[in-house]
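For clarity, chains are labelled A, B, C, D and E in written order, and residue numbers in each chain start from 1.
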Amino acid sequence: MGHLSWIFVSTVLVNNFTLVMFLGLCSFFGVTGKIETAWRLGLANTFVLLLTAVSAWFLNAYVLKQTPFLRTIAFIVVIASAVQIVEMAVKKYLPVLFRQLGIYLPLITTNCAILGLALFQTSRNYTLVEALVFAVGAGLGLTLALSLMASIRERTELTDPPVVARRMGLVLVIASCLSMAFMGFAGMGSAE
Amino acid sequence: MTAVATAPTKADTPPFEPGAPPPATLIQDIWRGIGKENPVLVQFLGMCPTMAVTNILANGFAMGVATTFVLTGSGLFVSLFRKYVAHEVRITSYILIIATFVTLADLLLAASFPDISKALGPFIPLIVANCLLLGRAEAFAAKVGPVRAVADGLGMGLGFTLSLSALASFREILGRGTLLGHPLFGPRFEPWVFLMMPPGGFFTLGVACLVVAFAIEWRKKHAVRRV
Amino acid sequence: MPLAFDFRHGVHPPEEKELTRELPIRRMPYPDELVLPLRQHAGKPAKLCVKVGDHVERGDTIAEADGFISVPIHASAAGTVTAVEFWPHPDGSYAEAVRIAVDKYAAQVPRPRIVPKWEGLTTEQVVKAVQQAGVVGLGGAAFPTHVKLAPPKEYAVHTLIINGAECEPYLTSDHRTMAEYPDRVLFGIRVMMHAMGVKKCVVGIEKNKPDAIAAMQRAVPKDLDVEILPLTVKYPQGAEKMLIKAVTGVEVPSGKLPVTVGVVVQNVGSVAAIAEVFETGLPLIERIVTVTGHGLNKPQNLIVPVGTKLRDLIAYCGGVTPDAAEVILGGPMMGTAVANLDAPVVKGTTGVVVLAKHETRGETVYPCIHCGRCLDACPVFLNPSHLGDLARVGRYDEMTDAHLADCMLCGSCAFVCPSNIPLAQLFQASKAALRRVPAVTT
Amino acid sequence: MTAVTPPRLIVTASPHVKAADSTPKIMWHVVLSLVPVIVASAWFFGISALLVIATSTVAALITERAVGKGGTLGDGSAMITGLLLGLTLPAGMALWMVGLGAAFAIAFGKAVWGGLGQNVFNPALVGRAFLQAAFPVAITTWPRVGGPFMELKGDLFAMPFLHPVTNAITSATPLGLLKFEGKGTELMGLVIGNTGGSVGETAALVILAGGLYLALRQYLNWRIPVSIFITVALFSSILHLVDPKKPDALFMLFSGGLMLGAIYMATDMVTSPVTNKGKWVFGFGIGVLVVLIRVWGGLPEGVMYAILFMNALTPFINRATQPAVFGSATRLAR
Amino acid sequence: MSAPAHVHGGGAAPVPGKMTPAWRLLATLFVAGALSGLLVVAVYRATLPAIQKAAAAKVAGAVREVLKAPASWDTLYLVNDALAAKPPAGTDPGELPKAYVGKDQFGKRIGIAVVGEGPGFQEIMQLMIGFDPATGALIGIKVVDQKETPGLGDKIENDPTFLGQFAARIAPVIGVKDRAGVPPNQVQTITGATISSRAVIKVVNTTVARWQELMRRYDKGETP
């Protein structure tokens, strides 16, 4: 249990997927000042992360044992397919949810956070339960980072930054500051 | 040339493809990725590796070379098969091609430079998820001949490598006081550890963006003055 | 009733009322010329019914009401109509106005007229009489008073609230009216309660007017259920919704009129004007104006004929001091600064304040530091800081979502703003911008 | 006969009068209230403390002049950033690092965002977090309290880019002692301030007095420090009751940068919530994070990171704690 | 490679007026999959020896370092919580935890080298630990993988005096700020990197304890 909670805390705060591991930056920088969008994107991401964690785990355990060199290809293809199946299923059976999350699902396929999760859980030899905790933590961490970025940008959209900072400069400085703020969590859980 | 004269030549060219890139010389195709459409500093594509591996120059450079390899290889293959790939499954096919080349890059790197391969870890396989690759395949390689596709891939790759190397050099020089592992400033140099850490990654790219934006503004201002 | 006699938030601007608080109301002599704009009230402007060269007696109708939400305008003095032309209006624009050269040697006695006997009149007749007399809200908004006397039938009005708060700094006209003419005010209340069939009336007076409170309390007749309620001294205590909250503890729902909670609010001055109609038969041709300010030599409370030019009024009050900088019609919180002293006193002019340079707002505007003082000041619980940010970048639609419509432009936010951001002005401009762009129907 | 018309009639929008406070006035009062803290720092750490604070302030002002919008030195905000950054650094820190930190604070904590009022993170803390990340050893080398006034507490004048050669006697902060060696510190020392630590954070009483002055003059919002203190006290008391080895509430309150952070950093108007409810939430969040990081984190002190993290949440808190409008359905339902 | 083909063949939304027959879609993907598979397998075959050699050299180097240059070593495999000299059939020897039992030139056991891991300041750290299972005396330690703060926490890897002092200490060791005298169970932590130092000590202690027990049982003849 202690191990699982360490994985969780470490993934959400200490090694936040976006702010420390640099995964899923496209959506992180692409997110505008709309918190609702960030939440939905985060939620959709978490969902896909969970899906990926499970499918990647089974792939590793039963299919890729003898052919580890096919991992990258297998993961990306399976993730893409899984997302597409889910997209269709959600569209058919949960149209309300689809309207909220649907447009993000295809984007997520090429989100490096998803593939990164699969690769990291493989290289760390996580069990299925650990992988699930890892996925939830990663999703939560992504959602947190996205929401923080969105709410800060909501504010900076009302301000008047210098011309040179308007395009990406300020966004990267924000990311840097956020990343610094997360440095305070370093060592959490290993200090005892 | 008048419109009448162009009509027959049009029939000889391949069927019109919407969004096909305008014709250009090979040099232009290569130069585009380095300058005006620099994937890192202008288009902000492939940010994850840009920041994750640029803490030292060797890693940044290796990542750049690996990406260039994948860009060129996948560009070539996408372009070669562009007429045979059905429209409905093209993205899947592109991903398959890209993933293949990424795997090749991963294996080759692990065989030749095991230390760098270990340092880059999962970020080599993660090249698959770099939007730059799918973007170039879809927007360029799938619409032009193999030579141009390779040129474009090479250009984009060079632009990527150069930007990554520049960022990585900055981070390594100030963050460690070394370049490619060689100490530059002697033993009393105080490294700026900040640049080695995640916020330093965001910061370095941020500064690069500010500098690029400043240069653009400066040129704009001076262009106006000249007029 | 959790927070009676008070409302939450609000500000405490310096009162500055001691300049004129003790000065009895005096009558100003007629100036040489009067200028009567046809637009002096909320609603449709009056319709002109005299022509150049006509001789008018004091109290003669010179323009008629145009519809129900409109009132006639009467000549404030005997004289000759010399022109009907565009003239500087107190709101800063130019508006059609009737110029009357005052007959210097006239006795200024109004034509004999029938004084209506209020006891026998129905609601409709009282409303008609009040409209004919041109009475409007004298608190500043100049909304025709008779309209309020005839609230929609679906609402049962149970309480009449008389606004004697006079929360604007400097102004003392309502204060002096209540202190000097309490009987007239109470007579007006009696007529109104009769007309509206209301059994209960509360007069809210800020506690900084003890003499007015005492005078009113002494004058309350035994047969009327009138309560004189001392209120906390705070701006904007005199705002309609704040006053209702302070008196009844009920909040008027956002976007609704006070009648929805069974309350009608009238200003003290308007009530006194109604009383005048049923005492003397005279229409609203003069009003009590506080002429004051640290930039003025002789501050006074004056009965001023409507249409008197500010130049004449200020000259009568001894002119301005060398450091006078800004002339304001109304109170300094919500009044408008005038650029042209030829603009006349109109029915809604509660006071004329001449501010000295050191009292005016500085010119430097700093960036918003999000100190949150405006949130603590806003009586309607808006977030002026956020609204200000939105206004600056022109995101008016989002301002609507942030309840801009509830803003009553009281200026509390701008008053407390340490960065000197003209929030009230921004909001006024945003409201105007939103009115110009009709909502897109989806 | 006096003039009827004023010589120059100005026409402004209403309201035409204004409360006496202005933004520069608030800022300069904060500066004023920091004077005793600076004096206390000089008392404990001598000339070194003054050198650090002066360097930081001068560097901040120069940077503001260079990259700011122009004419913004007079509002006093750059001065505050410089002073506060200096107060959070150890007395023996090489001055080139101090100056660099201050420049970073102004350039990337403020100017890039658009200047005063537009930044989301407290600039002084951005500068300090940068220094903490860039020079982790230098910023955690705490000189010992006391000694002759003119004594240099470290290699203050190390050449830029070179690391200081320090031979000064160092000590540990109370929090460091507790975390790494399991040793406690006398409460009296914490309250008075003769313990190791940043130049301006040790004298808890002086800081409290400054905060009280500002709170009484309404130049800081008392809700933030009070909610931080309450949260830290309650949370750490509970932990102390469960496990007596964990520090008690008084130690938590008076050690480290909590006082300085709660009173001067967290209350920065620009980077804290505007709503009163939001201020309580903000303070609560800082309190919880401080205890979490101090007790379970890898670092001995977490006030800076707690405040930075809550700064990041501030736009969100603002959004979530909008007051209900007068007469709105939510208010009427109550 | 056909599984994804099914999915996508069925999933692609047909464009009205431009229908591609399903067999073409499948064929496209099949050809692409086959080609890429061929390519990957070929390169994998070609590079495998080099990769394996590099990995083996790395392990060998680490073992040599932490056991202070043993003459030779045997490999034991951990299967089902017990050690075995040979990996059981059907398991992948590359995935099993291993102990390298070092011997001197006379074939006498001088100690074992094992990999231990645990949470560091930021991430999991991996150490190769050489020790004498009989006494718990440490022989040498090498950091295999760590992501500690550069310039500070990474001194656990780069500062030879820190790792060097573990030699000849007896596990379990404790970390102190200033080592007083020569108690055999104390090591001095790195100033400014106390947490990382302690993480190393923790990993050393838990790893030694675990493998001491495993070795004891192995020596008694227990097999999986």
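Structural remarks
Here is the rule we use: contacts are C-beta pairs under 8 Å (C-beta built on N, C-alpha and C of every residue); 3 or more make two chains touch, one makes a residue touch a chain.
Small disclaimer: the values here were computed from a predicted structure and weren't measured.
Without chain D, the contact network of the other chains remains one piece.
In terms of C-beta pairs in contact, the better-connected of the chain pairs B-D and A-C is B-D. Rounded to a whole number, the gap between the C-alpha centres of chain A and chain D is 33 angstrom. For this pair, chain C with chain E, the centres built from the Cα atoms lie 84 Å apart. The geometric centre of chain D is 44 Å away from that of chain E, both derived from CA atoms. If each chain is reduced to the centroid of its CA atoms, chain A and chain E end up 27 Å from each other.
For chain D, the set of residues that touch two or more other chains comprises 108, 112, 117-118, 129-130, 133, 136, 179, 298. Listed for chain A are residues 20, 69-70, 73, 77, 80, 159, 165, 169, 173, 176-177, 180, 183, 186-187, 189-191, each touching two or more other chains. Annotation for chain B: residues 92, 96, 99-100, 103, 107, 193, 197, 199-200, 203, 206, 210 touch two or more other chains. In this structure, the chains touch in the following pairs: A-B, A-C, A-D, A-E, B-D, B-E, C-D, D-E. Those residues of chain D whose C-beta lies close enough to touch chain E in the complex are 136-137, 140, 179-181, 298. Contact residues on chain C toward chain A in their complex (touch as defined above): 389-390, 392-393, 395.
Only residues 11, 13-14, 92, 169, 241, 245, 251-256, 295, 297, 311, 314-315, 318-322, 324-328, 332-339, 341, 353-355, 359-362, 366-372, 375-376, 379-383, 385-386, 402-403, 406, 409, 411-412, 414-420, 422, 424-425, 428 of chain C touch chain D when the two sit together in their complex. Chain D meets chain C in the complex at residues 1-19, 21-26, 75, 115-118, 221, 269-270, 272-276, 279, 318, 322-329, 331-332.
Interface residues of chain E, counted against chain D in their complex, comprise 121, 149, 151-152, 177, 189, 191-192, 194-195.
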